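Each of the next two complexes has chain A plus one more chain, namely chain B in the first and chain C in the second.
Presenting the complex of A and B:
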């Protein structure tokens, strides 16, 4: 051992009084490279909280956390990614996968703090100096971890489609369905937006894995109309889909996963004869009996879930076939009858009895049902077509859109003539217009507001126009007059006033205001009114004990009316007025009735 | 009834509101099922509230109504419903009749305001017209949201 070894520990003490070589911020003069993968940034307004970043992170450095200022809403979970820099390896996979493109990285890499807790934070929510940084890592244009392009659905050409009532949409092949299913990131943001809360990620996974029986099982957990909804659902899920929340390289919105078509694929691929292998059968009879009024989607959904639970169900239907508006309001080219019949056949296979041709109030009263059944579900829909409500609207050439669609279903001659006006902008109007086109008519769709205000599904509007219907927006109906000239007895003249949209009240939608002198007259063979429908509640008497407010039974959250054993749902009570909401109502009411029978009322 | 003085103006307004109650009463007599009756009773109750409001103004000797007229959604001018609804009346027919009734009352008050020589009476009728416009707007919104949803 050397003498220095003894002296060195004492000699080093002199360093304690010298200026240190280390500094607090040694490299602050050296900015990160332009595409450096520094601290995360997140455009919180664009982020939908899907959690794809969390799922892909190999180091579990990202957690989705609730943010006080955000509420879950449709396509936004209300959650945002929190990054833990004790775990992050800066690989940027989270940025590359982010469906909305909200996540990026700044080129800032310097952050000094004595508190280790601060290095776990929520970008875009907790303010940082690098927020809004233009430099740093971004997903390169054209580079995608996720497949952006939706698999095209094979469809009939519109010019061909309009010549018949053949189904327009042909359906996916197995290869197409599996490829489309691959686009889903299983974030589940869609589930909350579906009125029936279907397990969408679950059944899409089943498509991907080729397990269609599992897919069918998941569909039927909350929806016994997969064939119908796989074709005509308003697919709110797709509006919420995180894959549709991004922007393509050309700036257009990315396509959401084709959730509806994947649902249809599952139902189409499993034969009815094989449903029994996948789906549960009814439980042992409980001895309870339920009467359901109306065999539409709401009524039959309630019937299905009640039957599964072992309750005896009788459905009373005024028409000659089941399905309600799915059969009599939606044309065959959108929902072929065999597909609807398949859904109904499985429901009735559980022992659900349907009595056809029974009109409530005429053939049967509610009071008579009270004595014979333990509970009643009212799901009679909206069957009264509202009138144009302008002078002359009783002209024989003014027809009712719902009646036209029902006549088409029944195969009755429509007798619409060559020139047809359809008044209205909802789905009934679009279906009536497209039915008229298929009967060989030239069709004008006359709508009071702007195209953007039309309540019809955008794809229905687009298809009606593609098939040849002419849209006349901002046209206020004024009058129907007898026609003049040859064959006047079989025609009517429709008068409307062109309108400008005026924002009269803040926060409300603009109002169509007539442009003075801009009055248009045109003669048609038929004028189809499709401005809206209301319920026929003439079968509910005051003594029936059901509180009604403004032509709607008053119901609680589980569909119960003011009479404890009577429930109501579907278009009759809900404002969305679509099949999937009616199905959700029926399911909810069935579960509530089951609780009622079990003495477990909330 | 002398509608050129304050008391006469309010008497006229009271008579109109009572007529409105009677209007819904008459319709209720024709109603045959619960939905019609519930709607008509609700509207009659609203008119009874208006009767009480006018009586209160008579008692207090002043008109405490807002001068702000409601936005005109333009339905009353074009709806066809001049005829009185009958036994099988739909929600559309009831609302349509209600809108027309409020429109007629508003028109009358506006005419009386225009004809009034006395400034105070002019003001009374203007405010009554504004009140009727608010009632009409209420029914027009119901019609837009619940009847004419697709147009």
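Presenting the complex of A and C:
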């Protein structure tokens, strides 16, 4: 026997006092590695419930479940991911893909329980010891499965743009559109925020797959103005887009999918002559007749869906062309007339008849329509511009913004002069300012609150400034005075008081308070008032049976007024005052009228 | 190093020598000459240590690429040098000579690769025994055409009470249920 064999059993004793590799739970802890993929954590406030984690999960380990404390709204479905650890394989693809970046993994890997049902929970909603863990797996810096930035839209340079009424935004090429469509994860969170609830994931998928006729079909299911909305829509969908809910490495928000531009791409790519191949034709005539007052987006949307259902439609329009504010309120550099004409041409191709130059109250009364038509839709919009409501506001050099935009549409000389003030902060104010810039004027935009308070679209404000308009915020109009000096008859002096913003009531928006003595006077060739418009309801007589409250016809959820066969919609009744809301109103009213005719409702 | 690269090419037809770092190089060898090349490197060139062995599923090319990492501890005054030998094997008939007689521990790697990729090493001890996947009946799961979801669905019972919601449908129910389809 070798001496080594004798000693060997004792040799192991040399390890007796070394630190063992086993862990003495619970006395010793053995934490996971700093980037260990342990149990999930979710920042529920950042999560938008888009379900992209569920879609990518290779093992169907994730369900989206309602959370009592969360209400669905614009960009949040109110759902949250629940992980089933009986299926999770800890691959962390859910963390890597998460558009909002809310999902992560702690480095905790120990969880002991006798009840197998507990190993399924909603991170960030059901409290767990590892909530808020600093360590654990996060998406690595610079590693993104989703494209953070949208495909740049080719646009005219601002210096070039201001010289003409050429369209600013030039539209995506096929390659650009398909690349942008690829950014969409088809979560559908955007659909609720669209007033018309368009099938946004559906038509983006059609772009991605190159099936533009299918795309057009989906657009027309809820919106017969894709060319117009593809350009000027207020795109609430993009504010709700889950792809825009994240943060880039530099902390700026990620870009939402360019939903509006993709809609425009579909409509631009399909020729009007090919619309018939993609879109449904009108059903057989039902013999029912509907009168629509006003050929704006609301009225024509109602006309389109009524015509599709086989009802006879006559639209009465006071102006010489259709489109309403889309034509007379939006300058052609934002919405060129051929694009709008294409939308309208398809609607009239279904047999919708438009009678131009017919003004309600003057050429026609509501009562006369009641006899000839089975139902009436009122979409007369807001046509009366508010006055500045300061002394001197009747000065001949004080002009109305909407009238200026309409004159520009008609190609009439504007006669604004060289120095122009635009009063107001909405889209009409921005468009009036930009129209004045294009006629060669120097433009000041005078607004009573701060720039952030302006109701205009941020991009319109940005573009107005880029084109050379000077913004004078926190300026309260005081007076319009006759000008002095040479050529005084063709000028007016505008007086305003600079203001500071005062938080009067907590929770409400701050109010401008005049700063004593800070009065400014400036002489202009024209002062354009663009502080809002009201309706002209003078055509509604007392005997017409339509209840009016606060300058609006009172309507139910389907647009019906207090008279069973009369419906109303668009800017006239809708506080959102945008085209897509008007279109949704028109569609809803058309369906309600169809139910009315079918006798489904009294 | 250039000398070794040249000699390996001359003897065993190796190609694509690539110095990744001063102490790490990689090279491609045909499968039929792999075993001989490894033996020569071990017995004659000082690459005595098999430090790692794995495979990559190059499904696009229809091959598994086997990777053997050898180490010469004496090279450069004891600083050492590692050499990665790549060899492609046909994905439809993945059979590779066992190297367990060159390096005793290789059988463990080979058993692992049999289980995870389905690459066979005839003659390797216990190569058909389970490695870590107890009771595994599916296709080798490291193959890139392994469908994790299909396997899960076929293998595991659906946990009762699980229900998911589509964001678009759920938001419609909650926010605008009156809208028509």
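General remarks:
Keep in mind that, in the parts below, the second predicted complex is superposed on the first by the 573 of 602 C-alpha atoms of A that agree within 3 Å, B and C clash if a C-alpha of one lies under 4 Å from a C-alpha of the other, contacts with A are read in each partner's own complex, and residues count from 1 in each chain.
As a working rule, a contact is a pair of C-beta atoms (placed from the backbone, for glycine too) under 8 Å apart; a residue touches a chain by one contact, two chains touch by 3 or more.
None of these values were measured; they are calculated from a predicted model.
Aligning the shared chain A places chain B and chain C next to each other free of steric conflict. By the touch criterion defined above, A:468 reaches neither chain B nor chain C.
Shared-chain residue A:351: touches no atom of chain B or chain C. Once the two complexes are laid over each other on the shared chain, residue contacts for A:310 go to neither chain B nor chain C.
In the superposed model, A:535 makes contact with chain B only, not with chain C. Touch counts on chain A: comparing chain C and chain B, the chain ahead is B.
In the superposition on chain A, A:65 contacts chain C only, with no contact to chain B. When both complexes are overlaid on chain A, the residue A:550 reaches chain B alone and has no touch with chain C.
Residue contacts after overlaying the shared chain place A:387 against chain B, while chain C stays out of touching range.
Nearest C-alpha atoms belonging to chain B and chain C sit 25 Å apart in the superposition, given in whole angstrom.
Across the interface of their complex, chain A is touched by residues 32-35, 37-39, 42, 71, 73-74, 78-81, 88, 90-92, 96, 142, 146-151 of chain B. Those residues of chain A lying in contact with chain C across their complex are 49-51, 54, 58-60, 62-66, 71-73, 77-79, 84, 86-87, 89, 120, 187-189, 191-192, 197, 201, 557, 591. Listed in rising order, the residues of chain C touching chain A in the complex are 148-149, 152-153, 156, 159, 162-172, 174-176, 178-180. Listing the residues of chain A that touch chain B in their complex gives 361, 384, 386-393, 423-426, 428-429, 447-449, 455-456, 476-478, 504-505, 511-514, 530-532, 534-535, 537-542, 544, 546-551.
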